[in-house]
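For reference, chains read A, B, C and D in written order, and residue numbers begin at 1 within each chain.
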Amino acid sequence: MEALTDGIFAIAMTLMVLELKVPDLPKTVSSHELLRRLGEEGPVFVSFFFSFTYCGLLWFFHHLAMHFFRHLQVALVWLNLLFLMAISVLPFSCALLGHLMRNSAALEIYFGNLFLAALLLLLQWVFARKRRLINEDDPQAVRAMGLRLTAFPVALAAGMLAAFYQPATGFYAMVLVLLAFRMWHKIETRKAASEASPSQTAS
Amino acid sequence: MEALTDGIFAIAMTLMVLELKVPDLPKTVSSHELLRRLGEEGPVFVSFFFSFTYCGLLWFFHHLAMHFFRHLQVALVWLNLLFLMAISVLPFSCALLGHLMRNSAALEIYFGNLFLAALLLLLQWVFARKRRLINEDDPQAVRAMGLRLTAFPVALAAGMLAAFYQPATGFYAMVLVLLAFRMWHKIETRKAASEASPSQTAS
Amino acid sequence: MEALTDGIFAIAMTLMVLELKVPDLPKTVSSHELLRRLGEEGPVFVSFFFSFTYCGLLWFFHHLAMHFFRHLQVALVWLNLLFLMAISVLPFSCALLGHLMRNSAALEIYFGNLFLAALLLLLQWVFARKRRLINEDDPQAVRAMGLRLTAFPVALAAGMLAAFYQPATGFYAMVLVLLAFRMWHKIETRKAASEASPSQTAS
Amino acid sequence: MEALTDGIFAIAMTLMVLELKVPDLPKTVSSHELLRRLGEEGPVFVSFFFSFTYCGLLWFFHHLAMHFFRHLQVALVWLNLLFLMAISVLPFSCALLGHLMRNSAALEIYFGNLFLAALLLLLQWVFARKRRLINEDDPQAVRAMGLRLTAFPVALAAGMLAAFYQPATGFYAMVLVLLAFRMWHKIETRKAASEASPSQTAS
């Protein structure tokens, strides 16, 4: 499973670059003209950079989550295949957004794809917890992992909703929700630490 | 062998997405127009979704079957390479079907490709059983695995035959045969369980 | 090293399929017309089939050869990278041959590419033997492996030479040399067996 | 991490070949004409050859560096993802240079991309040394590794600078700096050996 997952991530992340197309210019083009043409392709580069980073993040979280799994079940393999399908469609959504950055339908499809991938990763986690497939030796770490995996679908749902009313706000709404989750996580960690420290001094 | 197999599956499953092409529209296109154009590409999406799922299934079954193998032989490596060739041609058949969904030749080629892949997987299993390369400690599990691997080529042959007379029925014929195999498998499992239980109560 | 090698083989073998392009036909095309158009693309399919098989063979031999290696050296890593470069160029040569099957330059480039890949694999083996990096516990097996790795560059050199005079004969010259090597290998194996058997009966 | 890294390297190295396009010629083209047309594509082949070799080098150094790592940290995973992003953009820069070999902007973008990749690999090393994540049992080897990883970004920065004044000199400036580093490395190794030998004779 891990090999297929890593393979599909590696390919999806590299295929996105196929959207960065060499502009069709004569061999005698000036440097200035080349840079101007590449500058016009700016949205494609931004879309590539953002999507690659997001993919890397999901890959990392998938990897972290897998460490908690004691064993797999057929249903989990299927959830993971759906998750990988969402990942492998990403180069398409990324290309769509790169070409039509200001189009709200393209933006919603892109956010929708990111949302679906994040949701399917969360579903794997929720399912595995229900079926008791997860090593819960360190409940603190399990809680933190669950919080991280929840943050993404919620943030992207917020982004989709905001983009529905005003396309430009989608990205900011997403970042805001992620920051809120990060603060919540920090507060929780501190509280847990302060609860844990008295017992440590007692022992 | 496992690394090459996983790699080819990962690439074939991701290359299918290259058929989902960003429609060539001006940057000022309306969201409505974009969705209409993507809607026209519906068959390509359906073909991608179905083929990805089928590939995932074959990959999973290949993986399950490999668990039974005690060791490999040169002939098995060759059968597996032919199997991988059928898998790596799938993005082509999938693209063909996506573009010409209503064309019966495209449908037969697509079903034929799926059939070939499933058949080559079954052949590996049959060959390995004949040469006694399979761990038969649990004859029940070996039987179930063989039944699963047989279901696919039979279902696809039925689909091809039905599609030959009436294209639209091919898919339903395939699903019907798969459901029949599933029921047979369940009945067998229950019978085996009821045969096993008296001895369990006796012991 | 093994992971990169398997990855590049998997990708090169799958990229070849990108040359199998869906013909640009209207959605209402008849089955007959579609098959006729695909039939015209026959050489592309033949080229794909042959190249995939050859790649699979080289991958298998590379794998077998690696089993004899006790450890690697920097120079071997470089030879392997050159070998992988020859492999990763194969989809290009394969596409060239598929489009211009009757062009002798295309044929020579294709054979030249196959020859280069086979030669670089042989060089790895020769280099490793010289530096004593190979496990020679079973001298019989080491000899057989060396013979196998030698057969390919020799057969392809013969193919290139024959194709230089008469394009159509290239393929047959190659197959002839391979069969000659196979016979040599069989004779050697038998001779070794008959030499070994008296001592076995003596003991 | 290693699997994703190897996967992305394998794909980036193989995608570069997609720039080697089969020239669009009629099936009856003469061998002479085909070779002339392929000859015109010379810069694309040079760019592919150089980029593939450079990628192989970076992959090899990444691999060597990883052997020193005792464990990873989240920040290192992120640095590695940025490094992989630079690698996955390489097929684009390589294609750009192949098409516009004499354009100084294309050259700077290409050198900039190689520089960025080499710099991000060095940063991983520097970061890991600061956080004491590296096994320093053999300080000699750690020093040599650091020197190697430093050589590339410095050489590429020199190449970029030289190419800024005179495009054709960029490549030579880069090679010169690499040779200088190699000599420095050799002198250091000899000095270390002569320092080590007295103590060895003493013991």
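A few remarks follow.
Quick note on the criterion: contacts are C-beta pairs under 8 Å (C-beta built on N, C-alpha and C of every residue); 3 or more make two chains touch, one makes a residue touch a chain.
In this text, all values refer to a predicted model and were calculated from it rather than measured experimentally.
Counting every residue number used by either copy at the chain A-chain B contact, under half are found in both chains.
These two copies of the sequence, chain B and chain C, are related by a rotation of 90 degrees on CA atoms, to the nearest 5. Ranked by how far their CA centres sit from the centre of chain B, the chains are topped by D.
Note: centroid distance chain A to chain B, computed from Cα atoms, is 29 Å.
The geometric centre of chain B is 41 Å away from that of chain D, both derived from CA atoms. Contacts with at least two other chains are made by residues 3, 7, 10-11, 18 of chain A. Across the interface of their complex, chain B is touched by residues 3-4, 7-8, 10-12, 15, 18, 77-78, 81, 84-85, 88-89, 91-92, 95-96, 99-100, 102-106, 109 of chain A.
Taken in their complex, chain C has these residues touching chain B: 2-3, 6-7, 9-11, 13-14, 16-18, 20, 22, 25, 27, 29-32, 34-35, 38, 48-49, 52-53, 56, 59-60.
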